[in-house]
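Common to both upcoming complexes is subunit A, partnered first by subunit B, then by subunit C.
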Partner chain A sequence: MSEGVKKFLYVNRKAPHGTIYALEALEVVLIGAAFEQDVELAFLDDGVFQLVKGWDTSDLGSKNFAPTYMALGDFEVTKVFVEKESLDERGLTADDLMELMYEDEDDDWAEKPSIRIVSREEMARIMAANDVILSF
Partner chain B sequence: MKLGIVVNEGPYTHEASDTAYNFAVAALEKGHEIYRIFFYHDGVNNATRLTVPPQDDRNIQQKWTELQEKHDLDLVVCIAAAQRRGILDENEMKRQGKDAYNIAPGFRISGLGQLIEAGIQCDRLVTFGD
Partner chain C sequence: MAMLHTVNKSPYEKSALESCLNHVSEGDTVLLIEDGVYAVVKGGRAANALASVKGVKIAALEADLKARGIGGDKIADGVEVVDYGGFVDLVEANDKTEAWL
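Showing the complex of A and B:
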């Protein structure tokens, strides 16, 4: 870890609609990108719903911010941890999730998936390994 | 320790603001430094000077204002969250063409960068929310 760079983990536990936490959390991620820290995202509990593909907000009358998740790779977010138990508990699988990608600058800009499905136990280890936890 | 505090809920509806306040007081008593207190989501509603809470209960906004003054704290209200919820300072009132502003003394409106910076500068960032 270089001088002055900390590991930031953004924890998302809430569904994309019903409350504003998901949207406003994303806004922090985007603005935070300018600070060039080491950023990881975690999705657990109802937060896993944020990554489910095929949002249709046309009857809601509120902003469809699903495209923002697809753009996370452009903001140098390469690690998106999704908790397996949270998926299982909600009847979801990896196939239900958006295909978030990033371009690996160390591998000729090859496109790679950002989502890593991890166990609850691994998630605890990921949290412990981060310096700054932002939870919304 | 250099501490950052994040308050994600407004006064009264959630106890988060009370708990954050009590934590701040305890930390200061123990000799810790509070680098910044950042108000996000509905937390920005702690910063309106227009509340008139019942007299037989605590006045949360006033407690924050007094704490800020006593310890010269940096109480920052996120501008994006504040705009959404109608917390304005005089500058914002003029900028946005509104006919009033309502920010309480001791709070300042600034960007989300202040939250990230607090994360970078502090030994610990502690969040109070729902």
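Showing the complex of A and C:
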């Protein structure tokens, strides 16, 4: 890691539409990525609902920001951790989630999945390993 | 005196649904709206809680389900999906409405 680069973890614990947290988190993540910080995303508790594929807010009249998650890989946000226990409790599996991909520059730009399903224990270690944690 | 109960909070973050289910009477209807619709995801802890309540109709608002990617076989059995017109019909069909916020 070069001088001045910190590891940022964005912790997402809210469902996408009931509050403004999810949309605001995305905005901040993209800004952080633009400043070339090392960015990781964590989704746990109701935050896992943000990544459920196929959501369409056209009948609500609110912004459909699902495509922004798909663009995270283009902003070099490649580490998206999703807590398994939170999925299980909510009747969700990895198959219910959006297929977030990134191109790995160290591997001839091969397309790889960004989402990694981790246990609660692993999530705790990820939180402990970051320099700055921003909560949404 | 049948009642309509609306719940608009996620059952995994707030106790609104739990408290609602603790206070419903036979013949009542529980309508899940906004983040309340997360309760119907099949296999979830909240869907199991809904299934354990007998004699109460469970409904969920279609636009809110659609906005959250919940459809088809992801919706627990026994849940009636209603549109905005159906919401109005439920209000009209019941003597009063109680909102669980």
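Here are some notes:
Here is the rule we go by: the second predicted complex is superposed on the first by the 136 of 136 C-alpha atoms of A that agree within 3 Å, B and C clash if a C-alpha of one lies under 4 Å from a C-alpha of the other, contacts with A are read in each partner's own complex, and residues count from 1 in each chain.
Please note the rule applied: a residue touches a chain if its C-beta (ideal position, glycine included) is under 8 Å from a C-beta of that chain, and two chains touch if they have at least 3 such contacts.
All values reported here derive from a predicted model rather than from experimental measurement.
Once the two complexes are overlaid through subunit A, subunit B and subunit C fit side by side, free of any clash as defined at the top of the document. Of the two partner chains placed by superposition, only subunit C is touched by A:Ala15; subunit B is not.
In the superposed pair of complexes, A:Phe136 makes contact with subunit B only, with no contact to subunit C. Contacts of A:Leu92 after superposition on the shared chain: subunit C is touched, whereas subunit B is not.
Seen from the CA centre of subunit A, subunit B and subunit C lie at an angle of 90° in the overlaid model, rounded to the nearest 10. When the shared chain is aligned, subunit C comes close enough to touch A:Gly54, but subunit B does not. Look at A:Phe75: by the touch rule set out above, it reaches neither subunit B nor subunit C.
When the shared chain is aligned, subunit C comes close enough to touch A:Asp45, but subunit B does not. Nowhere in the superposition do the C-alpha atoms of subunit B and subunit C come closer than 12 Å. Comparing the two interfaces of subunit A, the one with subunit B and the one with subunit C have no residue in common.
Contacts from subunit A toward subunit B in the complex involve residues 4, 6, 8, 20-21, 24, 27-28, 31-32, 34-35, 37, 131-136. Residue ranges of subunit B in contact with subunit A, taken from their complex: 6, 8, 40-41, 80-81, 111-113, 115-117, 119-120, 125, 127, 129. Contact residues of subunit C toward subunit A in the complex are 8-10, 12-13, 34-35, 38, 41-47, 62-64, 66-71, 74. On subunit A, the positions that touch subunit C within their shared complex are 14-18, 45-46, 49, 52-60, 62, 89-92, 96.
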